[in-house]
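Report on the following structure.
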Amino acid sequence: MVYSSNLKLATAALIAGLFSLGQAYAQNQPGAVPKPPKMVPEMTEFWEPEVKTITPGTGTAAPSDAVILFDGKDLSQWKGKDGGAAKWQVKDGAMIVTKGTGAITTKQNFEDFQLHVEWSAPTEVVGNSQGRGNSGIFLQDRYEVQVLDNYNNRTYANGQAGSIYKQTPPLVNAMRKPGEWNTYDILYTAPRFKENGTLIMPARVTIIHNGVVVQNNTEIKGATEYIGLPSYKAHGKAPIQLQDHGNPVRFRNIWLREL
Amino acid sequence: MVYSSNLKLATAALIAGLFSLGQAYAQNQPGAVPKPPKMVPEMTEFWEPEVKTITPGTGTAAPSDAVILFDGKDLSQWKGKDGGAAKWQVKDGAMIVTKGTGAITTKQNFEDFQLHVEWSAPTEVVGNSQGRGNSGIFLQDRYEVQVLDNYNNRTYANGQAGSIYKQTPPLVNAMRKPGEWNTYDILYTAPRFKENGTLIMPARVTIIHNGVVVQNNTEIKGATEYIGLPSYKAHGKAPIQLQDHGNPVRFRNIWLREL
Amino acid sequence: MVYSSNLKLATAALIAGLFSLGQAYAQNQPGAVPKPPKMVPEMTEFWEPEVKTITPGTGTAAPSDAVILFDGKDLSQWKGKDGGAAKWQVKDGAMIVTKGTGAITTKQNFEDFQLHVEWSAPTEVVGNSQGRGNSGIFLQDRYEVQVLDNYNNRTYANGQAGSIYKQTPPLVNAMRKPGEWNTYDILYTAPRFKENGTLIMPARVTIIHNGVVVQNNTEIKGATEYIGLPSYKAHGKAPIQLQDHGNPVRFRNIWLREL
Amino acid sequence: MVYSSNLKLATAALIAGLFSLGQAYAQNQPGAVPKPPKMVPEMTEFWEPEVKTITPGTGTAAPSDAVILFDGKDLSQWKGKDGGAAKWQVKDGAMIVTKGTGAITTKQNFEDFQLHVEWSAPTEVVGNSQGRGNSGIFLQDRYEVQVLDNYNNRTYANGQAGSIYKQTPPLVNAMRKPGEWNTYDILYTAPRFKENGTLIMPARVTIIHNGVVVQNNTEIKGATEYIGLPSYKAHGKAPIQLQDHGNPVRFRNIWLREL
């Protein structure tokens, strides 16, 4: 019943289209150029496949289809780089980079995803440039999105918060003050490789920092290198890594949606 | 003074690099393959140009570098399609699509941008499919991001909220209930044309709907067409248009950052 | 020995670089911005991996690393669509579309490649528009590069020789006369799909027709459809198909290089 | 008259489509999902704009729409870097790099193009690595396609013939012997910049060397740098430059088609 009036409309339109088709071809004197017959609206309306429905979160809370990587309680979704337990401190709903315990990575491996992370630079300001509130989020364990306290703290442009570290600076510096919570919303498309290991499609990333776009579909140039130029080496699914750079940066509310 | 220790480090590294360069070339027996000398970290650290600092908004409030298109008070940034005053009702901090008054467009023209829009489907649910809570946001006056009440209301996939209308469905349906506020965060890169009018780079768009990505760097196929296939026609900067589809959809908190 | 003078130069440059590094940092009064130290030329010279050497062909003959798909003698590299023997006639170094025997496909499957094909429209001109000298080359068995006698024979733009059939017209019509040999040099990058079957990277194709570019890194929109709109469906490696459209089009000198 | 039978067919198909539309909607029991009505073939057949016809050249000769940059007779299309006359020797239908006279550039400026160049390394083999038969083709005066005698002469991969110099190695080494003529067929898409000078679309290039693809839609990373990393600086149309690297490399049959 729902579509009955639509049907009449569509039929009417189609018949109108039929006539205009007739006209188009009727105009075709020898040498005249045919015009494509008019379509009806329904011809560009595709009901299948049905779009999956999810429930968005309130504010920055996780939507219903997210993998919860950290909900403030424990590090059960994480492990140390040696494969053992993740040893960072968990306190007041946040995990805190605990100097000397090393980076931590998710137990799960991922390919393409939307990742939400909140982080806070230490309230006590110590050091400057790269020495202040330094950590990092390594997408697929190798492509670093920089985490750094860049509030009133200049460093090299391609090394500041929101940069693809040592590759691409953020479009703007959208930092909140030390102790306040920053949000990263990261859209990541993994690189693809040929069977012979060569790159066929580079990784791409979009980053929203505190609601402001800082990377807009940026092409990642290869695995992050502290010294020298980045390059790609074939790999499959891989975890998210959070860096221990020795500063007590805090993280909370980490969730991921596989794309 | 700040960089003096860095300088020592860099110098040490460079001298180390010098030796490793010597080694690399010393290894070059006839026929041996040269290895590139090792770089020092500072060679991939670029301080200039300095990244501009902005102040992010709280929650979804506008950041400091945004153009405020609607702050809840008046339609001073908008005009009717005929160039005259925009005639939609403003009430309780929202603008309301006022049937029969026509679409409204921004007075300013834009090219590439980040656009934040909040919208709410009418609390009183009327109609179904495309007949329920229908409006639209036309990027550069011609590429429509669909606005529709798709809460428990199925329609064609490429016509639902978050779709590039009649082109690309959203990745998921992330609607809130009628009367609740939805957010769209839209990253838009305008198409580019050659001097002769042909397309050299299609438009691209990323859309976050209520914090969930629904378009991820989607290529726009051309101007939105209700009947037939989209195509491109050269144009320059152009306004944002909000559609009057006859339903009392509300909009609020509209801001844009030029990219 | 070969690089000894290079070494001296590089060392000199590096030492010069060292000084300029010193200078850069010496300039760093409090608040001054560091400049990256100067690199030496060898730092952007990469000898490994070594580029493979091949022997190009004379004129349009196959290079040394090509798979020879047709050398004028037999159809041993081809099969019928039913999997049986290919039944087209081979005569005077060419294969001839033999009406009613059906399309033929290569026995091998391919992914990304450079394909060289020569083809000739029938000397005896019969029919017009799509009815004259019609055949086609289906990349990966589903994406058609049109073969048609468009010498003084207009048809729809996106259906003429050099088009991605029913998708993208050629940039120009570069046809030779019926009976003369046309060349197609086709650079094809296969689409890539996610594990769940959705498209992650569309196919792309560049076509040189008689030495003139007619498709320049064109995005393929999906499998060729005679009726309706193209769309993608996940697939792996697949053969080259030549179409039997009922006209005695001839093909010769077909070779392919896997990329 | 030509299309009359097509018209009948189309009409029949449309009427059939009408019925199938009816069927589609007739099937729509409450809750059923509409199917788009079937299109007719002509709906995806576009006759306008008409594709321009050109006459291809025989072999590697220029097509009818080419700008002839060098036909073997004189350097009338070229100038020196100082704006004065180009001073290279012309002999036996070729121009010869004449040491110390400097690079030459076309008088005309170009944006996107197809460029055909033939070049020959000196018959007398002198030097090795970059010292043997070195020249270069600078697209838009700044992006170098390397010209080098790499026949049995290894050098760094991203510096050999067919490379984007100091950026991307060729896919294979397809060199002919010294004294023999090599062909380059180059498809070049110029970078585009925003009004503020930032890059919006990098340059891209495809190169066919002696009939073999060596660059396949390669992204150019910026202006060629001998020392350090490439980067982009906004520019408009610009000439083709041929480099004087001190070796008597010969060029002939140079033509260009604006795209």
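Remarks
In order of appearance the chains are A, B, C and D, and numbering begins at 1 in each one.
Going forward, contacts are C-beta pairs under 8 Å (C-beta built on N, C-alpha and C of every residue); 3 or more make two chains touch, one makes a residue touch a chain.
Because the structure is a prediction, the values reported are computed rather than measured.
Repeating the A-B interface with over half of its contact pairs identical by residue number, the matching pair from C-D, B-D or A-D is C-D. In this structure, the chain pairs B-C and C-D differ in their number of contacting C-beta pairs, and the larger number is found at C-D. Centre-to-centre separation of subunit B and subunit C, using mean CA positions: 34 Å.
Centre-to-centre spacing of subunit A and subunit C amounts to 33 Å, using the average Cα coordinate of each chain.
Remark: subunit C and subunit D have CA centroids separated by 14 Å (rounded to whole angstrom). Among the residues of subunit A, those touching two or more other chains are numbered 2, 34, 39-40, 44-48, 50, 156, 189, 229.
Within the complex formed with subunit A, the subunit D residues making contact are 1-4, 6-7, 10-11, 14-15, 17-18, 21-22, 25, 28, 30, 33-37, 39-40, 42-48, 50, 229. Subunit C meets subunit D in the complex at residues 2, 13, 38-41, 44-57, 59-60, 63, 65, 114, 116, 128-129, 154-160, 166, 169-176, 185, 187, 189, 204, 206, 208-213, 216-217, 225-229, 257, 259.
Within the complex formed with subunit A, the subunit C residues making contact are 34, 111-112, 156, 189, 192, 194, 200-201.
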